[in-house]
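Chain nomenclature is as follows: A, B, C and D, assigned in order of appearance, with residue numbering initiated at 1 for each chain independently.
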Amino acid sequence: MVNKTVASAADAVADIYDGATILIGGFGEAGSPIELIHALIDQGAKDLTVVSNNTGSGQVGLAALIANRQVRKMICSFPKSANSVVFPELYTRGEIELELVPQGTLAERIRCGGAGIPAFYTPTSVNTPLAEGKEIRHFNGNPYVMEYAIRGDFALVKSLKADRYGNLVYHKTARNFNPVMCTAATTTIVQAKHLVEVGSLDPETVITPGIFVQRVLEVTHPMEESVLVAENRRYPWNR
Amino acid sequence: MVNKTVASAADAVADIYDGATILIGGFGEAGSPIELIHALIDQGAKDLTVVSNNTGSGQVGLAALIANRQVRKMICSFPKSANSVVFPELYTRGEIELELVPQGTLAERIRCGGAGIPAFYTPTSVNTPLAEGKEIRHFNGNPYVMEYAIRGDFALVKSLKADRYGNLVYHKTARNFNPVMCTAATTTIVQAKHLVEVGSLDPETVITPGIFVQRVLEVTHPMEESVLVAENRRYPWNR
Amino acid sequence: MAEVAQKVAADIPDASYVNLGIGIPEMVAGFVPEGRELIYHTENGLLGMGPTPVPGHEDPELINAGKKCVTAIPGASFFHHADSFMMIRGGHIDYCVLGAFQVSQEGDLANWSTGETNAIPAVGGAMDLVAGVKNIFVITQHTTKTGEPKIVQQCTYPLTGKQVVTRIYTNYAIIDIRDKKLYIRELAPGIEMEFLQQVTGAPLHQD
Amino acid sequence: MAEVAQKVAADIPDASYVNLGIGIPEMVAGFVPEGRELIYHTENGLLGMGPTPVPGHEDPELINAGKKCVTAIPGASFFHHADSFMMIRGGHIDYCVLGAFQVSQEGDLANWSTGETNAIPAVGGAMDLVAGVKNIFVITQHTTKTGEPKIVQQCTYPLTGKQVVTRIYTNYAIIDIRDKKLYIRELAPGIEMEFLQQVTGAPLHQD
């Protein structure tokens, strides 16, 4: 029987190992799997490479994972935002690596990781510093940069609903990077607001087919990052 | 105001020109835009390159377009099937060109055409005759073939529902190549079984956002290719 | 070939994602052992393919890769062709069972073209499947209708993929392919080793 | 800059697909001329972005690229990031309005990094937008806060894209870029040609 549900956030992330590459969904707080990230902080794996569009806000979620010094390198398009303090501070001190990738290139590199495509050509970043050192090739007279696929050992993803097969649907712009990240990790771990019966999701409207998902955890009342940041909370709570 | 609806099939295909490349949706009869194809037969554009997974059945739809000698070249993965007679006959006589493409490579080449990606690498067809003459490149020690994007001047597509913005949803496995073809043509022409009011499609379940569609024609009672083939029908009907 | 299809089904682990080729491979779906749940993928855009519909309930827009009418199980999903082949090429499908014209001792597969001059070449999704699916099983008659070996030292027909097949199920035996060699895994009832070697075009080994 | 944003809005044809950059460009949405329908794309996965929600009806998971709460119009659609950037990179978006640090006379744009050693580099979707959108408009103050020209012969800041900007809207003028030259399209009220040249770092032309 296919049953991908797990009992706790701790179980869901238990086997994440030092040095792993982790894809973390979300665009700002929308779609960010904050409970899974906090479980990873409790779990303690370090020397991680994290692929995520941003670097988190305040002292919770992804920012707290970075603050806990578990992340060796960030691969992202926009590492700073209104309330991001942790990453900028470490980066300025040279204590964390950054690979800056244009947002669309980041999305496509991850999709290619899931699609078995090792590399592709894109017009994005041609003639800019972000193309330096990369192969440039002309097609129909125009220059393109070759970019490589990104794969993760694990993906941490947030969805609205999930069934035990791992079929997922999302909520509005919380979809963002989550579906492509599901496809590109060896082990995709999902926190869903609602665990629903198999058959209750319309097959026409499933966004992530279960084949791309390995574990599903129900988190009925996920925390809101912006609320925690406004309240100046910090994870781990007892620090 | 955004209004992509057109009044007739003849209007929908009126500007298709000799020598155009046309992407035609469908996998067998499922999702094949038969009324638009018949309108293209009436319209008469010739010397066409047609990109479609198959070559049609019997003497209707895509097979009739080929029988009418409007197609110079087919790009497809599976040009023969139980009831295909037209293409095999012309091909055997050397009167139509064929570019045979593995099905997944065909789908990805079209997607890249829509995504602004001129070329990509795939493991599919390595060490087979279909990779002959193509660039082979190794990534992580494994060989891959470079494949180029495919774009169409026009796409002919079938959907279940459409609104005046061009937002589309499909019916079961009639979805197949249609959504990727929508993205990869300069002018995408859709026949929809139901033209619905803007706002009646749930934004979470739209499969093809309207940005990929230029024209929408309502065809409330599309013909079924298999029924026509069983009845030995032939298009044009009066031939 | 029903018994052979049953053998294949018995070897596919619970909770696997499976793609079945057109023809004999389709029979495998009829023999899933009690208590096991397999999820069938069909490359034309359906995960969770169910059995043949009850007569009168066919939908010509709910078909499999062989263009036969099928059903969708609860928990199924529909998707477009590029997403479908992400599943295949991206290594997400666990098992694919395919037919064959020829299989070489190294696991090369030829199943799309006999290379005849006047034949219409047609490849479909076969090359994508062998390039991307984790385990490629072949189910085939051991010999051609005229008695020629289909398991050979080197394929003479155009290849679908090189070193891709890991196991062959025939009416005479189950044969594993490891380190570019054929290993007998099981003989069908009444089949002798010596006979099997006679009808096989490459050396057979035993562990 | 409200009047300038209004000028931009007036120049975008009916039924266009439009992406607005973060900051001043967002103001353009407030000035769509009566009878025109523009469809706004936000790269984090929404086509058909509507106005700011009524207070109390914000959804932190319905946001724009600037991570501000927005709404979705009837006829909107949600999609994932790879599909969103297909729209951008694939040439499906008609107009993009961006801010700028510098624009060169050849249409080079610098708007993501000042190149300072200790700054945190952040690029977001800017490079994808300039590479893929059909028409790139810039809206910006004509000079920096310290009075330095932002329209220059050559950008000194790291580029976002080369020869991508086709028109610049500033508080002093509207300038077209054609054949690697700057052409004055319109002067703001009270702005003289001579003054404009003084605050512009590259030669201005008139048709």
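By definition in this document, contacts are C-beta pairs under 8 Å (C-beta built on N, C-alpha and C of every residue); 3 or more make two chains touch, one makes a residue touch a chain.
Computed from a predicted model, the values in this text were never measured in an experiment.
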item	value
Third chains touching both subunit D and subunit B	A
Touch-network distance, subunit C to subunit D, counted in steps	2
Centre-of-Cα separation between subunit D and subunit A, whole angstrom	28
Length of the line joining the C-alpha centres of subunit A and subunit C, rounded to whole Å	36
Junction residues of subunit B, two or more chains touched	108, 111, 115-117, 122-123, 170, 172, 203-204
Residue list for subunit C, restricted to those that touch at least two other chains	46, 72, 78-79, 85, 88-89, 131-132
Pairwise touch network: line, ring, star, complete, or other	other
Complete list of chain pairs which touch one another	A-B, A-C, A-D, B-C, B-D
Of all residues in subunit B, those that touch subunit C in their complex	27-31, 53, 77-82, 87-88, 91-92, 98, 100-108, 110-111, 122-130, 170-180, 207, 224, 226
Sites on subunit D touched by subunit A in the complex	42-46, 59-63, 67, 72, 78-82, 84-85, 88-89, 113, 118, 120-128, 131-132, 158-162
Subunit A-touching residues of subunit C, taken from the complex the two chains share	14-15, 17, 35-37, 39, 41, 46-48, 72, 74-79, 83, 85-93, 131-132
Subunit D-facing residues of subunit B, complex	1-2, 111, 113-117, 163, 165, 167, 183-184, 198-199, 201, 203-204, 206, 209-212
Of all residues in subunit A, those that touch subunit B in their complex	108, 112, 115-123, 139-140, 142, 144, 148, 169-170, 172, 202-205
